[in-house]
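Quick notes on the structure that follows.
Just so it is clear, A, B and C label the chains in written order, and each chain counts residues from 1 on its own.
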């Protein structure tokens, strides 16, 4: 269970993973590998199982079969909090900020297990500036605009110095300006060395940031490749149009 | 605390005034009032226990009186069986540890079993009633632990806290209870500002999300529940030794709900508000009981109803907020422009 | 031997109907609105008082009980509009608020009418089987509880109101979008639950002393039945009443009243832990169990 990095640069791998809910197979025979430094987009029609994959990685659900390895360790049975302390961070579809706390306290809560007391304030200031919320420390999180709340949450997800950052539809509800700003933010984070995996429906956004794209359908991986390859793939269009 | 948060706010000023008042009080009044106020301080620990569990961790427990009873009874059982100059002091420890242990076990059963929110209230209420019902039928002589007869509703006699043969009463007892109450208060204030305390605030709002930041949420719930149970047990010990008596009514339905009502009226999110307002309400309840007993509970019921409907943060907390806003000119709701409005689209990404 | 069996059946039936009648009003409100009405016991007390006052004025018993049910229904509607409505979505606060209402009611009744009131005794007398005498009235209560269940079933399944109510329980937003006046539905449901509490209070008034704390005899049992039964008032509550009634009757006969109650409470704690949605949750899961057609391929 050591955190020694395997030589081949693999950060996360799901092997032969499936997840069954009663009679429903949400995910089947999944093989997914993410290398250090990647910026991977996960796309697919509704119900393809994308969010389930994130839940399995984070530990909200445990796989029915298969193994999950992160940074050299078999995390399949680990509780969520332990995975978080190892460097897994997530921003989910449903808002995950603390509305009744201030922006500052939101950041502090997120950072406490990863930043020393002495460096806390400086770290919070730095991250708030990074996500464009400088100067708003004292505001109550619930008073922020929707877009600002999304950025706050990204800021919180960053506070844990993640090795792997999972973003589930980060631009949901954003206008084009905010979407573009978010794309730039994600790219700059990736350039700084954060491995990122993004679930998205907005293809404009995917085109802006994607290096590699994984397409899922009906609980399985349907195709993988660069954004150009995926867009040229007739089968991908088919599944989105429901022809499969 | 917030960056730059100064200590000068209504809550802290109120605490200092409260502290000063209690220190000076015994020199200004008679033996009976001193003893009576000591009793109030013993009970205010229940309010602190609830402010911790409900205010800081969002867990509504009707079971604090169960731990109160456990503390009182275990103290009695120990001190009735063990003689010695230290006996009563160790008895206090026994009572507190017993309460904390029962709370830890119940907490483990609940939180690691996924029981949360209103079901915690129901489970703890059921447990309180189990204990009360069980104790109620212990009147017969076969129900005793060593020298200590449990005695059902006849009540159990309990020795007072003493140094050797000298039982504490009057001013020494008052200041002992005072030191304990303030000690617990300071401990809780310190914990609230710690990493653990911040984690509690977070898990109160959103448990699954908090786990994703690395907090072992269920363990923390058990920890806070055990600590609150220990404090409630301490309250029971002090109560039992003050009156030399304990019986199952201290674990009944009314006893279970009363501290919740006090804290609902005063304000559960602030340890200071809970502590001060519980003592005020205890005094009020006593005054009403002698002058207009039938109306006492109606008034409390009305106050609680008004608080829940119109002032959910509690009257004293609302007062603190008002004073803070106008006198000390601090407001959490101001944006950096001070207009109190949400400023859209102001963020820019570097 | 037959006497023993009859006695056991009788004890079970008494426990069952006692639990069911106490709980059904609370269950209807909880199932529809998710609100736990801590004033439920006091609503029963109101029903008991109205029944007793009417009966001692010469009103025939049946009518007196009906009047009590209607009276408490009206009172419940007022409480819903003034208090509960402001606390939708704030479950813990509605618990505290309804508790306060109950406290005001019981203390108010104490102030108005004093510590107790002369009651009316139960009709129909008793019959004997073997060496033991049994009360006809308690048997009648058993019959009434079953009839009441049947009537409620008809109400919820066969009337327009029932249809709208079930829609609101399933999905309030969609029900509202389809034209159901949800606030009015909640008020009417709360009134129905209150009526059932008043009815139960009136029925029990003939078997207990009429004091302002009348409700405390029933409130704990009502709660545990609702918790064990879950949100489905029509199915979950009677099954829970049967289960708990059996436990209570068995333990109570063998070890006495106190242990019977302890048994009830311990069962409840275990059920909360193992079946947080109660028996209703179990039924729901059984209904949704996987069939072959559901899996994706």
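As a convention for this text, contacts are C-beta pairs under 8 Å (C-beta built on N, C-alpha and C of every residue); 3 or more make two chains touch, one makes a residue touch a chain.
Keep in mind that what you see is a predicted model, and the values were worked out from it rather than measured.
**Q** Averaging each chain's C-alpha atoms to get its centre, pick out the one most distant from chain C.
**A** So the chain farthest away from chain C turns out to be A.
**Q** So, comparing each chain's Cα centre against the centre of all protein Cα atoms, which one is closest?
**A** B
**Q** For chain A and chain B, what's the span in angstrom between their mean Cα positions?
**A** 42
**Q** Centroid of chain B to centroid of chain C, CA atoms only: how many Å?
**A** 33
**Q** Please tell me the distance, in whole Å, between the geometric centres of chain A and chain C computed from their C-alpha atoms.
**A** Taking the average C-alpha coordinate of chain A and of chain C, the gap between them is 48 Å.
**Q** Which of the residues in chain B come into contact with chain A in the complex?
**A** For chain B paired with chain A, touching residues are 2-3, 195, 198-199, 201-202, 205-206, 208-217, 332-336, 342, 344-350.
**Q** Would you pull the chain A residues touching chain B in the complex into a rising list?
**A** Answer in residue numbers: 58, 60, 79-81, 84-85, 89-90, 92, 96, 98-102, 104-105, 108-110, 112-114, 121, 124, 129-133, 135-140, 143-145, 147-148, 151, 156, 159-160, 181-182, 184-185, 188.
**Q** Would you tell me which residues of chain C are touching chain B in their complex?
**A** Those in contact with chain B are residues 36, 83, 86-87, 90-93, 95-97, 99-101, 103-104, 107-108, 110-111, 216, 219-220, 223-224, 227, 256, 258-259, 261-262, 265-266, 268-269, 272-273, 276.
**Q** Spell out the part of chain B that touches chain C in their complex, as residue ranges.
**A** So the residues of chain B touching chain C come out as 60, 109-110, 113-115, 117-119, 121-123, 125-127, 129-130, 133-134, 136-137, 253, 257, 260-261, 264, 294-295, 297-298, 300-302, 304-305, 308-309, 312.
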